[in-house]
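Lettered A, B, C and D in written order, each chain numbered from 1.
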Amino acid sequence: MRPNVYKFGELIEDVTTHPATRRAVEGHAQTFDAAQKDEYKDILTITSSLRGERISRYLSIIGSAEDMIANVKMKRLMFNLTGTCTGGRCVGFNAINSMWAATYDMDHELGTDYHERIRAWLKEAQHEDIALAGALTDPKGDRSKRPLEQNDPDMSLRMVAKETDGGIVVRGAKVMIAGAAEANEVFVLPGTGYKEGEGEYAISFVIPRDAPGLTVVEARHPSDGRDMEAGFDNPVELGGITQGYLLFQDVRVPKERVFMAGEWKYSLRAVLNFIAPYRSAIGGCVAGQGDVMGGAAALMARANGLSEKVFREKLVQMTVNNETTFGMGLAASVMGKLHPSGVWIPDAKLANVNKVHVATLPYETKRLAQDIAGGIAETGCLPSSQDLQSPLYGDLLQKYLKAGSDGETRAKAARLLEWLTIGEGVPGCMHGGGSPDGAKLMINALAEIEANIKLARRVANLKEVPTPEK
Amino acid sequence: MRPNVYKFGELIEDVTTHPATRRAVEGHAQTFDAAQKDEYKDILTITSSLRGERISRYLSIIGSAEDMIANVKMKRLMFNLTGTCTGGRCVGFNAINSMWAATYDMDHELGTDYHERIRAWLKEAQHEDIALAGALTDPKGDRSKRPLEQNDPDMSLRMVAKETDGGIVVRGAKVMIAGAAEANEVFVLPGTGYKEGEGEYAISFVIPRDAPGLTVVEARHPSDGRDMEAGFDNPVELGGITQGYLLFQDVRVPKERVFMAGEWKYSLRAVLNFIAPYRSAIGGCVAGQGDVMGGAAALMARANGLSEKVFREKLVQMTVNNETTFGMGLAASVMGKLHPSGVWIPDAKLANVNKVHVATLPYETKRLAQDIAGGIAETGCLPSSQDLQSPLYGDLLQKYLKAGSDGETRAKAARLLEWLTIGEGVPGCMHGGGSPDGAKLMINALAEIEANIKLARRVANLKEVPTPEK
Amino acid sequence: MRPNVYKFGELIEDVTTHPATRRAVEGHAQTFDAAQKDEYKDILTITSSLRGERISRYLSIIGSAEDMIANVKMKRLMFNLTGTCTGGRCVGFNAINSMWAATYDMDHELGTDYHERIRAWLKEAQHEDIALAGALTDPKGDRSKRPLEQNDPDMSLRMVAKETDGGIVVRGAKVMIAGAAEANEVFVLPGTGYKEGEGEYAISFVIPRDAPGLTVVEARHPSDGRDMEAGFDNPVELGGITQGYLLFQDVRVPKERVFMAGEWKYSLRAVLNFIAPYRSAIGGCVAGQGDVMGGAAALMARANGLSEKVFREKLVQMTVNNETTFGMGLAASVMGKLHPSGVWIPDAKLANVNKVHVATLPYETKRLAQDIAGGIAETGCLPSSQDLQSPLYGDLLQKYLKAGSDGETRAKAARLLEWLTIGEGVPGCMHGGGSPDGAKLMINALAEIEANIKLARRVANLKEVPTPEK
Amino acid sequence: MRPNVYKFGELIEDVTTHPATRRAVEGHAQTFDAAQKDEYKDILTITSSLRGERISRYLSIIGSAEDMIANVKMKRLMFNLTGTCTGGRCVGFNAINSMWAATYDMDHELGTDYHERIRAWLKEAQHEDIALAGALTDPKGDRSKRPLEQNDPDMSLRMVAKETDGGIVVRGAKVMIAGAAEANEVFVLPGTGYKEGEGEYAISFVIPRDAPGLTVVEARHPSDGRDMEAGFDNPVELGGITQGYLLFQDVRVPKERVFMAGEWKYSLRAVLNFIAPYRSAIGGCVAGQGDVMGGAAALMARANGLSEKVFREKLVQMTVNNETTFGMGLAASVMGKLHPSGVWIPDAKLANVNKVHVATLPYETKRLAQDIAGGIAETGCLPSSQDLQSPLYGDLLQKYLKAGSDGETRAKAARLLEWLTIGEGVPGCMHGGGSPDGAKLMINALAEIEANIKLARRVANLKEVPTPEK
């Protein structure tokens, strides 16, 4: 692929070897490797409804509650194996399913052929077993204004031309896109529900990550300077995060890869189709990372010379938190409904409740992990791994770091705890896929206040009471 | 039935009309009425695997995740309709399923015929559509001692004789038994897992509620004096709670109704079979009551002259709490496993996590309801309904209670809020079916600390660290 | 005094002996008794700035941080001794201080003689050592409307006539007034800050509790029916709550007892003067009740046969909660300022922060107490004390209630826990002295967002960013 | 001073200019600068009891509740001005006061002259206005073993020789020492309470930071690689943290600077003297940083184009958290007692309760700040400042980052939020000065369970119930 990924002001020639991206590549590689293993293949693969053969679940249509449950489990598993997010596969997976349903609706209601296009593209993508990133979030500019009220119309990604052959040209950006650097292709969604007159923003398509006119600039993340260092201060080689800013400078998308091009009435539906499974499955993500945190905290207790049993109450609370986001993901899955296109859409209320938990419980889980692990791990408060090798004083540091384990093991365990709770491993799930305030708005819309008032009135035989006007 | 239920030192001649029990009877009656209604019958009835005809779900074998999910929904529905607990059906339902599996195991492993007995009894019970209470909790005496270490061997219910015809005679008590007064029969379970030498306590059977030698003394509950008054200070006529102390004075149980008689090895299994579905479904209970609380709080806001929209943040949090216990119940259901006897056993870890939520979230929900509803509802701080009728000053009270509604409606709404949060409607779910500390012990046993340590070690390539001995 | 207190539709001839009021009278009597005891007299008495002799602190001017701190401690002490609220002294105390400052301001700015009136009245009241209730809360009617917009102008207490001799006539009500039945006199405050044209509502005065035209109807509280029973189901004889609805049917107040009569500009100040010390000292109240809850929970653990050490984590959290509301009261006290009238006004921000804690932490404290104490105490789930005496089965109940203590002691301890957490002892502190939402509005007004933005901009050398208009 | 500070394996020649330390130096410099300013001098300076002249409060004896309150305020102020910790002055301040009391006790009880020594040293230190770090924490090794049970006796700092002239030689380490690099001298305390036979560890002294044999290796902190970069990705130039590992290779301390040398009985007292004021004042620290977080979050809201009023509920909760830790520090101060040496010791129970809050509330405050600020700030998810200057795409990034402010201001504001919540500004207060579990142990020891049981028994007239033996 054409090198078009930058970080720290420089072009990354090869994402698989460059220190800023190689760990994230390795994490994504594990999604392929694990699919080959007997113990994981039922979770990571599925028989394709399009091809009749076994394919990666990441490229499948979620056709039932069981499929959706497997999705939640897959997220948990991959966080278990990589310690963090493999967004370069999972957001794309979600995007496919969202647009599978939305294109079906458009074709049936408008007579378009979008669904045929996505079907043809997907069949091939399954065969190639591509890594597919998904791109939802627009820069948006001033949050108090709609796209066309902005000083600059490019603040949300838009279609600047529709070509005669049905292709489109797009300009703008998608930001904080997980795993773009690791992906073969990027699936673009409309960033929100658009209104009449905003059709230029209602677009969806898929392009190669190295499409002409597309530039990816990677965001920093906490302590990412350590990626560029030798030593173990970034202690995890098996996983990592990238979140790119995708700059579209009049990128051309050929017709067969365009899945929405102005049909603004369907943009909200596309977003809602995206949100429900995303906010369900993300409960598996934070549970999976929470599992590793529980393990890291218990390990750190031992490295400090203490039995993890001392911290039973805290470890139980961590488990409660993990199982809650996981369980709510399962609940949303099982209470879902089948869309006529064959996509299973989880229950929106339960999914959004889970988003609220995902935005709060992991903070408690991290606090508990730091509490168990002690001051050395709270902020990774120990010298660098270079210092531990210093001929002048490295042996002294090793001596004084020793406790329930040798000094280096304890140092690495502390770094892992730091990585998970205040370092590079923290995936940014609070706002990923939308803010908790957005989730609360949806819960409010879905909460059946009037029905509940009726229940209350019935049990106590109460008259109706009108809502005050003001 | 023979009158054998007492409260306030007096015999209740007819539970259906006596003010101490009639509301609870009415609540239980709704389980039968609703089963006839089109909108509820799918939840409240099921085709019997024994009879091939439609029966009450309360007397069914839970044979699949779907059945277990319907159970969770049924609990939520019945709290919606009665405002509180209908324990005189649901605990018995749980007990049947627990012993269905345990008797199956005993018959297969010991060659007994208990499973045949329970099958025969159940088939008939389904036909009669009985209301069946379940009895788990023993008095236990000094919690630091086992049953035979107590000064008095009767502190847990025990078998004092085994008769030649296979019947048994039992002595002791079961305490805090929900809905016994409303039930036709009572299904008794062993109260805990017993050890060798404690066989006399490992007993299970079913008896009529008016069996000779059995006396039921009802516990008080908050503000239960109001049951005996005229007026609306107990504002709910459609539901109510009874929790009886069942005193067994050498009660004889015929052979065909005995399902365990000394097989102590199976007592823990029976309890675990009971706990998992109970702690799953109870999430539906507190969600169902939370729905009514949300409605009552919103109604009270209106009665105060305020739109419920003012309290959106709080109502959303109440919804989050309700959906969490409900959702975790669904999650435990869907992650369950089929016992060879045909009983579906929910996932124990998720069920116990839910128990922890059930012991905490409703307290926040109640606090939020009181917060929205204002000082008048917080502790029901308004004069009695007799006072509102006083010829001397009743009109003045009505005048000053008026706000967004007339005074009496506001007074009743405040009473409902009080009833739900600090009054007769509070069902005691924190310890019902076992304490949250017990649930935490189970979570600790089920949490995979070693597996999580392995995950942590793998992602950061860390050496093993031994647990300190002390 | 003239009997003018009613409950359950009936006149209470003698509040000191009637079961509905005698426990509350006893609680208030303890404020007098304890003042005589060496161990408490420094907290309960102070040298009067008016009389130069030792008087009850409840009738004193709070003249310094030390005095305010002693107030907080006094509240904690009295909850320790009575288990609940003695509002018939403490609200009046707060009211005196509020109006001491407000009358001073009025006299200095308007040339009135209100301050002289309150001084003369107080000097005499100190000599008589009266019990003085305080009355703040108006019925208010529809919360979305101001007093004169209501259908009925009486929804807030108002002055309907000003007499030529300077006396006034008032009509309306004050509601949920703690301790009125136990008080000799009632100190009335304006219920909120009034605006121009609302002068008739801006009134303050003091009257005997049996003033002609004044009727007191007592509110119910949870389980208050037990007051009327024999036995120990209301387990506390040393304290109790009354909260009266005071109906003013054209009550005449002589000039020398009128402290505000139309000066609406000063009504908000009076309320703010009231709020700051009230919301500080109430932290002592809930801490004091929390102390008793901690003791009751530990006792109940022992009565169950368990060491309270098993529950160390929970007891520590209860202590954290108690010390937090107590400590925040101290903090608000020490950060206060002296009003020119000689009244010490605690810091409003810290006082209102404490109100938020008072509206939340006790709910956790109660939950923890119920958690420790077990199912029998959670909702007081045991038969009535009449049942425990039944000749038919009382001995059996006593037998089965026995555990770490005899049955009756355990039953009483459970009743105490119930009384404290879901029964008559619960004082309604969430909305007492104003709602937590009101406190949050004040915190918002007092929070220095702009100053904090400046701090943030300074440390990172950031440009100013304007607030969006909408 | 002799360069003896290392980081990343290299010697720092000049801490005032080296990027790894210059921000922390600048933060500490502000403690001197602000002391000159009229608005701050009352907080930052005090009249010396030793010199009779105005000195830095950081070198004063805390002689009253007022002094202790000023200490709490000073911490809050310095976090306001630097955004983070200036540990190189405040821990030393605490250490002086701790040993002022402990040496007084030793001199009075043992006839030593330690108090004279510390007095003489302090008088001079006040004159020089030195920056003084404090060193408490030992490496400790295996936490399950006491110092002499460790494989290596050096795991806690110890005296390896006592010289004839009264000087001592020490070996070992002190770890995670805040501000050592910025300090002129380091005040060393015993790390815990020692027992008989452990006298070699019971040592206290003060030495220059560049004493022969002393090496300081700086710990990393999150994102500290950015210190070494150009640009604004570490957005704060006015403050910073260093936490050093101090390696003592047989360091000689002259007699006049030795304040404890083997008197193990006094080591626990020294630690307790240290803990109470430290855990009180740290409430000011986290409040001060919380103020900046509130400002940064509100600023970020504006930079996103939203009014901070949208987030009122969250900002109020942040204020509640800030004022709680601040207020509890004040409360512990005001409830303190005067030690005969003239040192005011805050109340231990309230101080430890505050430590529990300090270990929990800031995590909520950070979460709320991230919630308000949006995804870009949650993990600082935007390209590096080098990227923003890229000639290839820098203008595009600036364009797309623009919202309620220009792109660079928004980027910097996001970096500030990241710095405060998941970056270099996070000071590690959870374990600083001891763990929250340690604080809970102290609260448990100080909680008056027996007294509370007595209160409970008294109000309900309950018999004594013995604690079970097991």
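In this section, a contact is a pair of C-beta atoms (placed from the backbone, for glycine too) under 8 Å apart; a residue touches a chain by one contact, two chains touch by 3 or more.
Keep in mind the model is a prediction, meaning the values are calculated, not measured.
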Subunit C and subunit B - chains in contact with each: A, D
Rigid-body rotation angle, subunit B and subunit A, from Cα fit (steps of 5°): 180
Centroid-based (C-alpha) most distant chain relative to subunit C: A
Residue-number overlap at the subunit C/subunit D interface, same or different (half cut): same
Chain pair showing more contacts of the two, A-D and A-C: A-D
Distance between chain centroids, defined by C-alpha means - subunit C, subunit D (Å): 39
Distance between the centres, which are taken as Cα means, of subunit D and subunit A, whole angstrom: 37
Inter-centroid spacing, subunit C versus subunit A (mean Cα positions, whole Å): 51
Subunit A: positions in contact with at least two other chains: 142, 144, 305-307, 313, 404, 468, 470
Touch list for subunit D against partner subunit B, complex: 142, 144, 313, 468, 470
Residue ranges of subunit C in contact with subunit D within the complex: 65, 69, 80-83, 235-239, 291-296, 298-299, 302-303, 305-308, 312-313, 315-316, 319-320, 323-324, 326-328, 330-335, 349-350, 353-354, 356-357, 404-406, 409, 412-413, 415-416, 419, 440, 443-444, 447-449, 451-463, 465-468, 470
Contacting residues of subunit B [partner subunit C, same complex]: 6-9, 137, 139-145, 152, 154-155, 172-173, 175-176, 215, 217-226, 228-229, 233, 243, 245, 247, 249, 304-307, 359-360, 363-364, 366-367, 370-371, 374-376, 378-384, 386-387, 389-390, 392-393, 396-397, 399-404, 418, 422-423, 426-428, 430-432, 435-437
